[in-house]
Amino acid sequence: MEVNLDDISGEWLGYVMDVLFDAGANDVFYTPIYMKKNRPGVLLQLLCRKEAIGQMKDILLKETTTLGIRYYPLTVHRMERDFVQVETKWGSITVKQGISNGEVFQSSPEYEECRKIAEKHKVPLKKVYEEVWKHVGK
Amino acid sequence: MEVNLDDISGEWLGYVMDVLFDAGANDVFYTPIYMKKNRPGVLLQLLCRKEAIGQMKDILLKETTTLGIRYYPLTVHRMERDFVQVETKWGSITVKQGISNGEVFQSSPEYEECRKIAEKHKVPLKKVYEEVWKHVGK
Amino acid sequence: MEVNLDDISGEWLGYVMDVLFDAGANDVFYTPIYMKKNRPGVLLQLLCRKEAIGQMKDILLKETTTLGIRYYPLTVHRMERDFVQVETKWGSITVKQGISNGEVFQSSPEYEECRKIAEKHKVPLKKVYEEVWKHVGK
Amino acid sequence: MEVNLDDISGEWLGYVMDVLFDAGANDVFYTPIYMKKNRPGVLLQLLCRKEAIGQMKDILLKETTTLGIRYYPLTVHRMERDFVQVETKWGSITVKQGISNGEVFQSSPEYEECRKIAEKHKVPLKKVYEEVWKHVGK
Amino acid sequence: MEVNLDDISGEWLGYVMDVLFDAGANDVFYTPIYMKKNRPGVLLQLLCRKEAIGQMKDILLKETTTLGIRYYPLTVHRMERDFVQVETKWGSITVKQGISNGEVFQSSPEYEECRKIAEKHKVPLKKVYEEVWKHVGK
Amino acid sequence: MEVNLDDISGEWLGYVMDVLFDAGANDVFYTPIYMKKNRPGVLLQLLCRKEAIGQMKDILLKETTTLGIRYYPLTVHRMERDFVQVETKWGSITVKQGISNGEVFQSSPEYEECRKIAEKHKVPLKKVYEEVWKHVGK
């Protein structure tokens, strides 16, 4: 689902992203675009299940200044996900694994857990990730 | 309809946008992209009705440096539009309303009218919009 | 203060922005840039008072992957600010005014207050701003 | 001179660019930036002579939503410019030359003249430039 | 085919572009995007024939950090291409022509040949292109 | 050093970046900008030592279409660098360390060495970095 916006402020766009995620969007992201009459604009794109289209449209009408919404179907290849625990000196951290045909391709530490540890123990977030990578190989 | 361009100057792109709008494109916009061999490029995207595809392709061939054009169908939900007049101290200004199921979601002052008033009365464009919003609630 | 980054993930950049603001940066923002070897990179820019330079450098060393930091002095013309209260049907909202030579140039509703009202009363953020604008003229 | 903007619409930004050029700015351009709270913003940059700073500041206060303006001095190496006429089948076109130490480095056809010929004779702008390049070697 | 990435470094992205081209992608390009939690991200887009989808997916899984890949079909209008030789003072240079319905729309000098001549003869690349344009009219 | 460009193709920009690095620039990067008359442009920025300014200007005049070049001085805080060797199953890889006041803040594997190993042993670049990180903790 896509919307071009040239008459909305960044403040509202920051807000509507949160609202769309809260309502169940799979992803929401903005791309800077160049529109007519020298207008810097923003392309809002969102990914959602087919059944959620109505609700998402409703939010876009209410929270943005758009007069039209475009959409088209996408095929999505989503990897299986698994979660493993890694022990660090600051406690256990969850690592999300992306699996395809039984092989682990991705191992990414859960951001929110790392962030909390970084804040609580006053260590750089970078150090927390590095510690996890040492044990799991990312 | 989409075209990737890495061997065209910004001057020509500014021009071709006008030509496409004049020929009836619903929207034309540019996105900055990163192409191979460290080339900053531009993604030209345009929205048009199905019947206009041939003419738009023709313009792109003539006015840009592209060797290929991509396209795919979009479903568009376009709001009903209505126009109301708002009286300000500088005269009447049209406000475009976006309506869905009988409810007014958007109220946006016509840019060109506001611009003309701003220039004629030597007031900031911002002030003109604010004046309209006071009467209509955007 | 400026840093070019081509070997850091977006996750860490989202985090370091918060850390820099918490430490007293006046502003922090990112610009997408094109770096050598086809690398999409990010230019981190931050504005701070002279006395804060040491602390900001320290955070950048710890939380990013940079090997060098650039800076240069800026002259800043900051407007006087004043705060007025506007009464709406959902309660009072603060409006920040930007003043120069005794004249009010800007009137911007406080985002966080508007956001809270939008969430509490389940109205679009847009409606809250519009309500404020009706009373103050932005 | 620089301003960060996260609460202004693209419509106003398109307008203020024209106003600043009309008032004598040497250059005005926008860069898309990422600001706090997920806000897509715009960095407005303008180049002007020292004496014009006051007037430019005045326009930025009136026409944008900024609460502060930054600036810093730049050294500019500007090439000498010369203008030559090139005869084409559609008439004479001016070519601007950039000269340094007596050597011609740049030869760029005047955009507005090329545009007018393209429109009048209904030929692609690209063809007009190509015709000029054949005679001058860009 | 599309992938959103917010946890990968620019270094890896520069590399994966090369890998995808080597594996036969028709085009690969990056767009800077704004993702949740203030993360600057990158949208990787690639164009390939239907039969190559499996191989491309495989590379994306192995070389990036993605957990999901989207794709959708595109109609492509590709111009016929022809190659002509242009004689310059530094030797012969190939010019790629884009042809539609028997008419030549594009004439673009082969970049790699021009680059080699520029390096070998120590002339600016710009001069090489200009020389070609004089003979062919771009 | 900075140059705004709106009449140059991406092909030439990819080339000039290489030329500037070969001539000793410390860094060169491009930012997409919005220029007048709806032109997508590019801001070329380069960092170099004071003594190199003349040579860099010369390249910009010859290889780009600019008619003017701006520059301003920057203070740079550059970390001390040290290099250590890490043993992996594919051989030794250099890791660059960024050091400030005797403390190691950054540890980044040398990209070119990792790339060569990835290509030679047909393993993903990601795996090579992960292997290094396990031994050094980034």
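Here the chain labels run A, B, C, D, E and F in written order, and each chain numbers its own residues starting at 1.
The definition used in the following text is that contacts are C-beta pairs under 8 Å (C-beta built on N, C-alpha and C of every residue); 3 or more make two chains touch, one makes a residue touch a chain.
Since we're looking at a predicted model, the values are computed, not measured.
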Chain A on chain B, rotation in degrees - Cα superposition, rounded to nearest 5: 120
Interface residue overlap between copies chain C and chain D, same or different (over half shared): different
Far-end chain from chain E, centres as C-alpha averages: C
From chain F, the most remote chain by mean C-alpha position: B
Gap in Å, rounded to a whole number, between the CA centres of chain E and chain A: 28
Cα-centroid distance, chain B relative to chain D, in whole angstrom: 21
For chain C, residues that touch 2 or more chains besides their own: 7, 11, 17, 30-32, 34-38, 40-41, 62, 65, 72, 111, 126, 129
Chain A residues touching chain C - in the complex, by the definition given at the top: 11-12, 15-16, 62-65, 111, 115, 118, 124-126, 129
Sites on chain A touched by chain D in the complex: 5-11, 13-14, 17-18, 30, 32, 35, 37-42, 65
Chain B to chain C touching residues, read off their complex: 32, 34, 36-38, 40, 126, 130-131, 133-134, 137-138
Contact footprint of chain E on chain B as seen in their complex: 2, 4, 7, 31-37, 41, 43, 57, 61-62, 65-72
Residue numbers on chain A that touch chain E, as the complex places them: 17, 21, 27-32, 47, 72-79, 81, 96, 98, 100, 105-106, 108, 111
